[in-house]
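What follows is subunit A paired twice: with subunit B in the first complex and subunit C in the second.
Showing the complex of A and B:
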């Protein structure tokens, strides 16, 4: 068991979920929206969090949707990483999902949970930052759909009681050339030293990183340098490494200096592969 | 809307049978299986989702039962190692290939391998097998034998 008493809600509609969450907050409770639950259970067990109520969104049809049409791909927030990967509908996102935790946990961890959790890496955000994705949120004003980049700044910035319902990825991104790599210190299944995702649109590379700094990010300055073909590869790589939005992250997995070393090697390989037509 | 607070009786579908259990919302599926249903095949290891000793199959996919609340398992089809009844091809293959030493991780590995066969009736590519097996840890390091047993499950159907 997890060492705290929680009240469990299983709504069947978005309005039920939102109302339950809102009323719990008014009552002074500490509710959490709950999907895969991996992080909530492990952190509760460790005593890092003590939710007093959880609102399980897995039986809400909108949150379970996974379909593609002429407009693109629509992914419910309660879809698991494994469902997204197995669908093969967005290969870059599938590749990111396939490197988070292990396979069995990928069958539980959800897209919404990875984006909204407290673990800093949030690697599923990288393909969404690159692909002009939009996100549907349900809150006090009903449903609103906004650019993903407008509500994701290192982490999701939601309004009180708001819940992530769906992610929408435009059709062009599903077929665009891409690159994804995740470097870890030792084991394949681990948090990233540097995780990078790149997507090409109209010949220009877009690139986003996780593990490199204390939050995932996409940088237009780094993209401008890496797309400047007037400079040699090594110069572009060195220049890009100077443009991080903050000091490189340093922890037991690797120092900031080592992360920069890994980044430069990775960017070298990426640009060489692209130059040689391997991407 | 379903709402559970305090002790509640729910019905879990385990190994093809409905079982009434009394749970709190904070109770883990692993603990309920072991302590209320006496299904001790799912083992508590790390209880942190890392080791895989507690793996069961929910709706055809492997799940670490230490990371599932009993209340959220309501309405789903749960299969534990006891539900294999010693007849699954992977069980016979494990015996044939000596794919265990102390045996503590075995039930978790069996469930992952059985789920692999449910989802991939024909032998998948090697990287798929490796990916599925990486979800579990064997501290006796029987990994080569376990992988051989998976191949045996497909090649010999466990016979």
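Showing the complex of A and C:
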């Protein structure tokens, strides 16, 4: 039980949600958009947030959409990780979703929540960074749809009161060869020491990481090195490991030094699997 | 045998699987005030000022308590702990203030509004730091505290809370003759009990001063005693009730929340107050598992016989002693593991640090020292070139051997280790203990370790049992044993059914303990339920049988000696066809003519331990427990030499349990212990930052074993009966854990070719150990 007083809103439209959020802010409340709530619970328990109001977006039709058409795949931000996984519409994203938390929580955690939360891993961002995904956001100017990469820099960079509505993934990415692996301290279900997602487009590997640094990232420099087939595998791995955007992350899950060791083993296995035609 | 040896279901199984079993915090919450704790944010600091004015102003808040509201100090051995910190905090998480309010939300809000001004002090986080020259003292005058027992020895001007010594034979001379010697330093971090049910207590005081405490405790009678003594309330005025306990593992032995709940209730005119700890506080504030550092030196002759041992144990008891001094004693008593070592010096120290204070944890620190000693034995075996399992067979304790405290071993007293080792060798398919390559960069390896344990109860610990009958001839058993998952109630029911010659289904056990109605049992700890309460049950059954015979003799018109009781009937041996069913005789007998004969049958039995002694302070001679239980365990791993990850394939235990009362229940309780051993050895630890603040007091970041990671558990038994124990059964409920950390580390040391000296065994730690080894050799 988290004993605190919370105002709860359940709007039926995006406009209502936005208005509610904005008004709560004007009233001096600290509102949060809420869908799955797992992180709100976690962070409230830890005492790092004390939301005084929550705006539930689970009744907003746009946020619940999950469908594919000629353009590609559209995923509402309030879709749960498990819905995405079981839909099998985007295998790489499904694989990422399937390794976040346990089944019970996968049925609760939403795509929007995982992307917008404060826990640093945000592993669902990796497939989106690789697949030229676009994101629809609702805010003061109504709806805007922009490349995911333009608003996700380690975390979502949203305008005040803005809410994530949908993610759009182009059709090619849904069928492209992919690779996903997650290494943890010792457990099947845990935060990543290193989680990597890779997607091939026109024979070129795109790769993004979570856990390795203090935020998830995709690096063109690392991709260039790993795609350089003139170099032997081990040389590419060593070189790639030197190109991190910041020092590797260190915490109780694992030291930065060890994360680098895990990364190198992981890249080795990845490149070898690709060479051997296993991907 | 009608009942003993049968795998009946646990008596509480249906209540638990259908979720109707009630635990402390499940009881109705109407009319009850809530309490919440404010805890220290420093490992060691002076409290300069506490301002509770804003907290008191919160609507619904009834009272706010701080250290000045309770000058009494607590502790089962050494009274060194305040209920709420007074002037100084000694660990991060220590209770500093307590808010009582209408509803948890108000209490929680008020807690956040209490302003505490701290002045940080230097702190010590390991026993080594605490024992170093010039170390800050966690307690200014540890020798000035009141002792409740005579054998705890705090040393003035140090952080040593107590010290126990074993001196046996001539160690120096023996080492000089040894062919192989190992000398290593080991370290184990503190960790948590993590019972599924967090600690909870509620208290109320009637207008005429009667105190009612309902609590999740393994020790209701200690609650009564400590509250009575601390607050000078006659014990009879205090009633303590314990419903089902959702796991204790030793962590619910200390009297902790009950004191706070009592103070809370007293501060609001005796109204009922409940205090339930959030998981985060249950981990950081309530007592945890002890940490340990050890230096172990072992020497063997050419044949692999261990000739000498020199051991120093430094137990990290944290900020307060609780029962840790007795864990230091228990470690000394059993320090050799179940091996015969003639020449032995052992120093076991209980050391204060600025960690969360420790208390008993499943096996009372045996899993910790066993890790060190059984690892050292593996290293010694490698040095001697002997199969580690053979090494253990050669040195196994046997009748005629002397324990560290010079108790002469007999089959009845200690059991049969040789048989356990032989059986576990077959059960685990032991192949010599060397790593076997199964594919590139992957090996399988097995590690073995032995276990033994004798309990350390007070020399006068007591138990009791009451038996009453129902009109259908079934029987009610009422004892002071708490049911917390260790299966004691079911084992007791089987013991009673066997003794009365009836079906165990006809025995109904009173599951809740109420100190007002249940006969006192010391505490549900040390795996002693089957022995201590079992003996009281046997006596109560004898008492009831005697009364049944009296009734039967009168009803059947023959001398009592001729009367037999079996199958729920009373009859004459000479004429078994003529019998009286229990239902017709347990409340006395009535003839067809209406004549009343005999008396209602009420069985009662009490038992007090006999023949135990304290250790003599110089050489450590003495007998601290009624008997030993021993066994042998093997863990098998599959390890990747490239990634340093591993999988635990199987874990085997063969234990001499004396007598198998309930094969499935015993197997599951032992496997449960093995699972805890695997979990704590492979992943569990309290990690502290540089300021001494725990980093993982929550279930997101504190690791523990999950379903799906469990190895194949194999359990088998040896049965060497313990004389005087009901049907020969030995204590067994804690013991499954004891050798597992050592066996796992032995397996991993064999797999990676690197001696592992600390826990937990995370892949990173193994990677680092191997890497440092390689760096050194470069």
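Note that in this section the second predicted complex is superposed on the first by the 278 of 279 C-alpha atoms of A that agree within 3 Å, B and C clash if a C-alpha of one lies under 4 Å from a C-alpha of the other, contacts with A are read in each partner's own complex, and residues count from 1 in each chain.
In the analysis below, a contact is a pair of C-beta atoms (placed from the backbone, for glycine too) under 8 Å apart; a residue touches a chain by one contact, two chains touch by 3 or more.
This one's a predicted model, so the numbers in the text were calculated from it and none came from an experiment.
Legend: residue contacts after superposition of the two complexes on their common chain; A:30 is shown touching neither subunit B nor subunit C.
Contacts of A:54 after superposition: subunit B is touched, whereas subunit C is not reached. Of the two partner chains, subunit C is the only one that A:265 touches; subunit B does not reach it. Of the two partner chains, subunit B is the only one touched by A:11; subunit C is not. By the document's definition of touching, of the two partners only subunit C reaches A:185; subunit B does not.
In the superposed model, A:255 lies in contact with subunit C only, and not with subunit B. In the superposed three-chain model, the partner touching more residues of subunit A is B, compared with the other of subunit B and subunit C.
Looking at subunit A, you'll find residues 1, 3-5, 42, 45, 188-189 touch subunit B in one structure and subunit C in the other.
Partner subunit A is touched in their complex by these residues of subunit C: 103-109, 278, 280, 642-643, 682-683, 687, 695-696, 698, 700-701, 703, 706, 708-709, 762-764, 767-768.
Taken together, the subunit A residues at the contact with subunit B in this complex read 1-12, 16, 20, 34, 37-38, 41-42, 44-45, 54, 56, 58, 82, 98, 101-105, 107-108, 188-189.
Listing the residues of subunit A that touch subunit C in their complex gives 1, 3-5, 42, 45-46, 185-191, 252-255, 258, 261-262, 265. Interface residues of subunit B, counted against subunit A in their complex, comprise 1-6, 24-28, 31, 47-49, 52, 55, 61-64, 66-69, 71-72, 112, 131-132, 134-136.
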